[in-house]
Each structure stands twice: as C-alpha cells, then as structure tokens.
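Please read the structure below before turning to the comments.
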Amino acid sequence: MSAFFVRFQQLADSLLLRLNHLRKRTANGLLKAERSMQRLTRFPAPIYFGLWVGGLFLLWLWDVLFLNAPERHLLEIAFAHSLLIAMLVVILSFLLAWAAAYLIEIFSDRKKTAAAGVIHFCLNLIRSLPQIVGVLLGYVWITYRIQTGHISGTGSMLWMSVFLALFIFPEVVALLRERIAYFRQSDFFNAMRVSGISEWRIINYDILWKNSRLHILNKMIAVFSSAIFLQCSVDFIVSVGLSTRISAVNLPVTLGSLLANIDSKQDILAIGYSLSHPAYLPNLFFRHLQGISVALVIVFTLFSLYKITNALAERFHL
Amino acid sequence: MKKITLEHLSSTLFVSLVLFGLFFVTHPKKSAGHLPPPAVQTLNALELDTDDPFQYQLFRDMAASFAGRDSSRFLAYWQQMRQLRKAQAQLTSGAYRRKIASRIPPGTLLGMYFNFIWVYLLVIAFTYYGVQTLGTYLFLKYKQHQPADVVKIIATARRALLKSTPDNWKSFWRSCAVVLLKILGYFILFAPAYVIAYSIKSDFNTESTLFMILLGIISNGVLITYANKFYHLLLSESRKGYVHTAIVKNLKHEFRIGGRQGISWRALFALRKNFSGHVLQHIFMNARFQYLATFKEQAAFIITGLIIIEMALNIHGHLSYELLQQLLYRNYDLAILIIWGIFLLVKATEWATDALLFRIKKRLGYQ
Amino acid sequence: MMRYQLHIASANHTLVSIDDFQIAPQEITVLFGESGIGKTLISQAIFGLLDPFELEISINGKPYNNYVRSKEVQKLQTYGFFVFQEPSTHLNPLMTLQEQLNEGKLAKTNRQKEILQALWRQPYETHVRPLLQIYPKPFRPSGGEKQRFLLAMAFKKLMLPANGAQRLFIFDEPTGSLDNVYRDIFLNELFNLYTRNPFTILLITHDYSMISTFEKQHTALLSRIHLKELRRINGAQVRLFDFKAEDYTGWLEAQYPAPLAKKGQPRKTVLKMEPTFRVFGKTFHLTREPDRGKTVPLIIHKKELIYLKAPSGMGKTTLAKIIAGLQQAEAVHFELSGIRFDQDAEQKVWRKYVWGKKLAMVFQHADESLNLQANVRDVFKGLPGVNLQDDVSILNALQEMFDQQLEPKFLTQKVAHLSGGQKQRLNLLRALLLHPDLIILDEPLNGLDFISIRKVLDIIRRKMASGSGILLVSHNEEIFDRIVPKQCWYYLNSEE
C-alpha cells in the first residue's frame, strides 16, 4: 500500500512539474505575443482589415457547416451585390467630387463667380436633402423604370450606385476643397503658379495626389461604409414598406433586402428572446443563422471600416 | 449675416417653387361635380360596350344617317361616354379606394410634422452633449497611451499564469469582460436601428417616442461617428502651438481622469464643459468651434437616422412612415409636401448653425 | 555645463542625433544653424515638451518618458519659459491676448503694463491696451506684435521668484517677425533683466547680424555670450561647433556693393511702377528716403538689383505679390517687360504672358514653396520652357547650386528630407531656370546657415550679371546694405 502511495506521490509530483513547466512556457509565449501585439498595434489599420476579412471568412465557414445551401447561396449573392454597389459608389462619388471641386477652384480663380455659384448652389441643395430621402426617391424612379422595362436587374445596380453616389459625394467635395484651401493659404500654390506650372498639375498632382492621397483613401473607406449603411437601410425600407402587391419589382437581392425577408426578421426577433431566455442563446448560432449572419455582416463591416479609418487617421495625423 | 440669410432664402425659395409646382401637377383634380350632358347620360344608360368596335360602327352609321354632316357631335358624345365609364371604373377600383383612404387630413400631417421636429430637437440636444462627452473621453483615453485591449488581455493572462493569485486572475477576467462589453457596445452603436429594434421587439414597445429618441441617439452609428470626429478634432488641436504655450505657462497638462493634475469626472460629464486651469480648455474650445462648422452634416445625418427608424419600423402615425405610405399609394402630392417639410427643417438647422457661427466669428473680429 | 546626448526618431527615421549638446548655465548661448537641422527639436526635447509617444526619444541614454517626469524637468518648466518660433500658431485664436497674458503662473505677476511699455516703446493707452482685447487672427495683430506678446509672457515669467532654482529661458527665433529696431529693443530688455539677475538663456536664431549688435551694444556681456553653430556631420547626426564672431564680421567687412551700370550705357527697363498704389484700403508710397520724402517710381533695369526696405509688416511682400499678379490692388500702375498692368488687369494676362516667362518669384519659406512630398526630380517637372528631360541635365543644373558632388540618387530624395539650405537652393534654382526678365526674391536668406548665405549671395550676383533684374525684399539689412549700392535702395511707406 505504501508503495502505491509513494508511486502515486511520484506521479503527482511529475505531473505538477510538467504543468508548471507548461505554465512557464505558455507565459513566455504570451510575453512574445504581447511584444508582437504592442508592435503591431502601433499601426493597427492592416490588422483591422485582416480581422474584417478573417471574420467574414469564419462566418462563411460557419454558414457552410450550419446554414442550408440555398440560404447560404442567397447570402453570398446579397453580400456580393452590396459590395459591388458600394465599390461603384466609391468610384462614382470620387469622380463626381473631383469634377465639382476642380471646377469650383478653376471658376473661382478665373473670377467666374456665376459658374462657381451654380455648382455651390447645387451642392447645397443636395446637402439640404437628407440622404435617405434622396436615395429613396431615386429608388422610386428605378422601380418605375424597371416596371416599364427600361432597366434590367443588373442595370438597376448601376442606377442604385448613381443615386447613392449623388447624395454622398458632397462630403468628398468638402474634403478635396479643404485640402486645396489648406495649400492655397500658404505660399505653395502661388510659388508654383508663378513658376508657370499649370493649375491642373498643381491641384491634381501636387496637392491631391502627392499630399492628400491618404486623406482621400481614408475618406473613400468612410464613403464605402456610408454606402453600405444607406444601401442596407433603403433596401430594408423598400422591402418592408413597398409591398410587392403594389409594385412587383425585381430589384437585385442585397443585404438590406435579405434582412427585411420574413425569415431573417424572425431570426433577429430571436435575439431579443434569448435576452429574456438565456438558455435559448445557443440556438441563435444554429437555427437562426440566416438573419443573424446578415445582421452580423452589416454591423461587423461597419464596425471594422470605422476602426480602419480611425487607425489611419491616428497614424497619419489626417 | 444678410449674405448668409439671402443664400439660404434663395435656395429655400427655389426648392419650394419647384416642389410646389410638382405638388400642383400631382395633386388629384376634383371632378368639378358637374354632371355630364343629358345626351351623354342617356347614351350611358343604354349600357353600350364602348370597347366593342362593332357597336361603335353601328353608332357611327346611326349618327351619320340621323345627323348627316353634324354626326361629329354624336361621335364626341361617344368619347365623353368612354371617359365617364373610365372614371366610374376608377372610382370603384380597390386601389383607388385605398389611395383615397390613405390620404391623411392636413391637420394630422401637421401634427406628425411637429412631433417629428420635437423628436429631432431632443435627439440633436442629446447627441450634441453625447458627442462632446464621448469624444473628450476617447481623447483622454488616447492621451493616457494605455496598451491596446488585446495586449492587456495577454499581459494579464501572462501575469496570472506566472503568479496564480486571485487578484491576478480577477484582472484577467476583468480585461476579458471589458473587451466583451466594448464589443457589445460597439455593435449596438453601429447597428442599424431596425436591427436593434427588431431584436427586442417582442419584449419592449419599440413604437414609443422615448424608444425612438433612444434609438435615434445610439444607433445608426450617429453617436460613435461624430464622437470620433470630435475626438479627431481634439487630437488635431492638441498638436497645435498654442497648447505648448499653455504648457510653458504651467497650466496642468496631465490627461488622467481624476487626480490633482488631471481632469475630474465632474468636468468631463458637465453640461457646460469647462476645464479651466488645464491645457484641455484650450484644446476643447478650439475643437468645439471646428465641430460647430460640421454640425449641419450631423443634423442631416440625424434626420436620415430618424427617417430610417420611422420607415423601417413602420411606426404608425409618424411622419416618415406616412411618407412611405403616400409613396406606396402614389399620393405623390402629399409625399412632396412631407419632403418639403423635411427640407425646411434641414434648412432651418443650417441657417441656425450659420447664424451661430457668424455671431461667434463677429465676436472674434473676423466679420 | 548643462550637457545632453539626444537621439530623436520618428517611425524608424532618425530626425536628429547629437552626442554632446551644451548650454552654459547662467550664461547666454546663441545657437545658429540652418533651418531643419534640429535646433527646435533639441531645445523642445530638453525642455520636456515633446510627446514621448509620438517620437522615439532618448536623452542621456535614458527613455524620454523618465526624463520628462524627472524633478529636473519639472523645475525647468516651473521656473523657465520657452518662446516659440511662429507666433501666429502659438497664440489661441479663441482667447483674447489679455486672457492669454494672464493665464497659469503669469497671473501672479502684476508688472504687465511695465513690460508691454518696454517692448512697444509707444503710448500704452493708445497703442497697446486696444490690442489686449483682440482675439489673435492671421493679420491682426501683426506678426511682430504677436511676437512681442510672446516675449512679454517670457518677461512676466522672469519677474516671478525662482527660489534659487535654475532658470532656463529658451527663445526660438524670437526676432523673426521683428524689424531691427524692435529686435534691438528686445535684446536690450532681455540683457537688462539678465544683468540684474542672471539666468540661463538659449537664443536660437538665423539672424547673424545680432553678432554686430552684441559687439556694439552689449560689450560688457561679450564674455558671457557663447556663439554656437549646429552643423550636420552625417545624415541626421549633428554636432555643436563654436562660431567665431569674426568669421561673420570679417566676412561682412569684406563685402562690397555690386557695380552700378556706367552712366550713359543703355539699359533695358524690366519694371517701371508708379510711386503710389493702394491695397487693403491703405495708400502706399515709394521713396528714396526712409521717412517719406519725395515719391519716386520704382524702376528696375536688367542686371540691376533693387533693394526694397520697410519696417516689418509694412507691406513689402504684398507689393511683390501685386507685381507678380498674386494680389489684387485697388489702385496700381506698372509696366513689366513692355506689358502694362493696372488694378483691373485680369489674372489671365499673367497666366499667359508673365508666369514662368517674364517673372519668377522666390518665396520666403522654402518649406511652403516646395512640394515636400515630391522628390528633387519632380520639382522641375511642369516648368514651362525648361528643357530638363533627363537626370544628367537636372544634375548639371543642380551642381551649380551645390558645392559637393551630387550623386544621381539625390534626385530621388524626398524634398522633405533635405536640409533647409538645400531646400532654399532648390527654391532658387526653380526660379532661375526660367531665365525671367525679373526675379523677385522675398527673404532669400531666410533659415540659412552662414555657409548657405554666402552661396546664395554668390548665386544672386551671378544671376544679376547674366541679365535678370532683381527685386529684393529682406530684413537682413546689415548684409544687403553692404552689397546693394545705396542708389538702388527704395523705401516703402504707408500714408497712416
């Protein structure tokens, strides 16, 4: 018996020693991880981007395992459509903003106050209309054109991007004008002008490309985020408010319209249910996956983009 | 000030003219209440099929043989009868009845509009306070240069593994809890309003005005986006030269919350923030001045958020929901009226902001 | 001796590094050095003003965080003061000057009126008191007045008891916005206070003419004034050298006026301007005498250097901008290379006929005039009529401005990473390559060290000889009074 206890003691000691050793090794590993993270968190923008992509990938894997194929396929298409529309909005709003900002600068410089005034007036008008109302009216027009057969499903995505870009681009104009004004205040602009360098080159190359690239990039990420938010909101409203009995419109499926789908709404309602019935929580991740996935994609994307723009602004003093 | 007022007035006038023009074009014309001529009424009573070409031809032949050269008068009666039949058919159609039934009285619309303004003003006031408080808090946290949350979790885990005391483990779990709470907080702040509302719809009354105000403040990313903008304004101002001058005049310049040299919680949460004796006062006053200039953008964003909330949640008896309904039932004239009201609200906010900025600039001697 | 070993870097890029920076305690250290070499960074680091989280700083081998929290730095900040370079950005635009003069520790001094009167030398009630209620804006008060308010803050701090602690007062370009009269007033007041109760002074400046002022007006203090120059050794590594006063004064003595054109020799007029013009609601006159006198038209011929003199803030740069078409005047008449201009002339005339062709202007601050994000090669892109297609031709053009042999990789260097002297030479070269009829030089010696000053003056002389007319605006009167013949001096006066 005593031999047994001795043996048992030896085993226990050996186990404790191994556990202790493992604990120390883990602690050392964590120290390395801590130092790496401290270095990485000095410029976290790429990390947040990686987290966003990684997070969406993990969600997709989870859906592959636990969401039925037709619903998952619908979610993939909705995500692709939303992403495509947002990308188009970024491109269109930049082009519109660049044109407006450049024209205002040139007209103001050449004392063509009437022309500059007209552009200002139009921009102010667009700013005075809440974005959601403007985009909604755009959607009403798109709906009408689809019904009359003038726009196809794919074409409607382009038009949706146009209307979204129309009500977002004034923000980009404000940034571009602010950057140009900043350099006009100093001798920068005048020194180059007097040297005979064209205003086209000064504004587009020296100011916007060389000195404002990061500001513009940061703004376009924010525009991307606004596009996703507005698009999801309008699609949700249109799907909820504009009943198909009245206008059977075949708008392409997006995250917003998918969220307005009755099944997704039930899934979202389940979140509230699990707050009052915590035991129900695990079901959210298996049985209510469609709605939860859509909501998670929207919120996680908006959050990640916010973190990326924030990190860029802090790092580069934008 | 005159120039600013003129600018706003001219754009308001222009848009109002356009919208009123559209209003009158889309406003349904009352049938004058007059009866059709007796000849048309008699013809209508015969219950002829106006779409049947055979019956039309018969009628034409009869008219030609009866009236000769004057038969065009009878053909005109036929056209009037067709229009009368169409109008009668429309009046009896379900869609038209619903369209007419959905038209709300002007008094009700006005009431909804004032309610919308009231909610908007409350949300503006709360977000104005919230943005500055949260933005200042984020700025102070940044200036304390604490390690990132992930680094804190790893550091506390390491300490707990090396020295397994209850306090060390408590630190670790506290760091994890803080991160989870932050993630939850961010998700709520970034979630579109309809996601939050639908998730708690079964347990709370999501149609109350109070809930709408709460949603308007915390959801749709309004609070966090503008708090972040304010934070960046504070950061940008903190790098300017006058802050250094304030430091060499020996104003307090520790950015801790609490403590003799830091900022008190009371000052941070005060309605009228005043950090006198600390360099933050310099930074804050300049950031707030810059923030006022962007207030118009925030106001438009808040209105967007409120409209989304009312529309997406189908809150009956609210202005935006009515807008959606009027669009749905193609009462475009009422939809235009509502849009005009929203436009006026945005314009009023812009004018008020510009007027306030003008007053401040005048005091500073810029005007 | 206060000695510091400093290393300051930003995101793996060393900004400045010095092994032995010295400040003589209770004495006056005057620090020269070209713009951008690191004088301000070093002095701010010593005073504990840099953010240890924005930059990687080590001081005397220890992390900067520890240094900033040390008792030594706390005492330096409590009993010392730092007067910053750019007065415009170092005053809060949302507080009146009165409020800013009475903040923090400064509220404990009640000798404000005495100090302001000493710095203004004008009636307090009419000239100073009204300024106290102003919120500082870009143009009011003037740059010189703002500078004096910052100096007043320093003097107020000096009035406070030190309780035996070491007092370090750092003045970073304190006379940049002051003309010579007010510069001398400031130096007198500073040295009076120093004489009464010595403290440590670090005076950072580009104004070598201060050396003459020390020798003429403050002879008793010469033994306590240490002239030092910061020079680049290798990349960002700098070293402190003694600067011999006679290097400057001897050089100055050797300067001679540029030769005038022989009488009767035909000279082509590049610029002829009516003596009176009006801008910003004020009327200005051009004269040959400092205090009004007869007004004369401004005439510049080819191969002629004209020196425009006026007190600081009078409007010399504004006049230069009017001629260059960058500022519209309310009333002006001039003829530039045969083209007539007046207040109604449209900017498109300048765009089409003048800019890059007949006129070039070198602005004060090379940092603002050049695109800091561009590389050296890009500075010459887009210049009209300049045929610098390949790297060899650009390097050859640059070699004229630089003494050392330039490598091709110099062309790919970012402008932001060049020294102040290098930037100013690029700034000059961009204008000179255009071979214009008229070159306007606005403070061409701004921010340069002694070696660069000599180089730039050589370039100006050569350019003059090659045929351009030059209009010079500069507050370095001691230097240019010797180089420019008196017959080529003009004075700008306002009617007020």
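Should a chain be cited, it is by its letter among A, B and C, assigned in written order, with residues numbered from 1 in that chain.
Definition applied: a residue touches a chain if its C-beta (ideal position, glycine included) is under 8 Å from a C-beta of that chain, and two chains touch if they have at least 3 such contacts.
Because the structure is a prediction, the values reported are computed rather than measured.
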Would you kindly say which chain has the C-alpha centre located farthest from the C-alpha centre of chain B?
-> C
Determine the chain that sits nearest the middle of the structure, using the mean of its CA atoms as its centre.
-> A
So, what's the distance in Å between the C-alpha centres of chain C and chain A?
-> 47
If you average the Cα atoms of chain A and of chain B to get two centres, how far apart are those centres in Å?
-> 20
Chain B and chain C have mean C-alpha positions lying a whole-number Å distance apart equal to 52
What does chain C use to touch chain A in their complex?
-> 321, 324-326, 346-348, 351, 355-357, 359-361, 363-365, 368-374, 378, 381-385, 427, 430-431, 434
Name, in rising order, each residue of chain B that touches chain A in their complex.
-> 7, 11, 14-15, 95, 142, 147-148, 150-151, 154-155, 157-158, 161-162, 186-187, 190-192, 194-195, 198-204, 220-221, 224-225, 228, 232, 235-236, 239, 296-297, 300-301, 303-304, 307-308, 311-312, 314, 323-325, 327-329, 339, 342-343, 346-347, 350
Give every residue of chain A touching chain B within the complex, in rising order.
-> 23-24, 26-27, 30-31, 33-34, 37-38, 41, 44, 121, 124-125, 127-133, 136-137, 140, 171, 229-230, 232-233, 236-237, 240-243, 246, 259, 265, 268-269, 271-273, 275-276, 295, 298-299, 302-303, 306, 310, 313-314, 317-318
Which residues of chain B touch chain C in their complex?
-> 145, 240-242, 244-251, 277, 282, 285-286, 289, 363-366
Mind pulling up the chain C residues that touch chain B in the complex?
-> 44, 47, 49, 53, 77-78, 80-82, 84, 86, 89-95, 100, 103-106, 134-135, 137, 140, 150, 153, 157
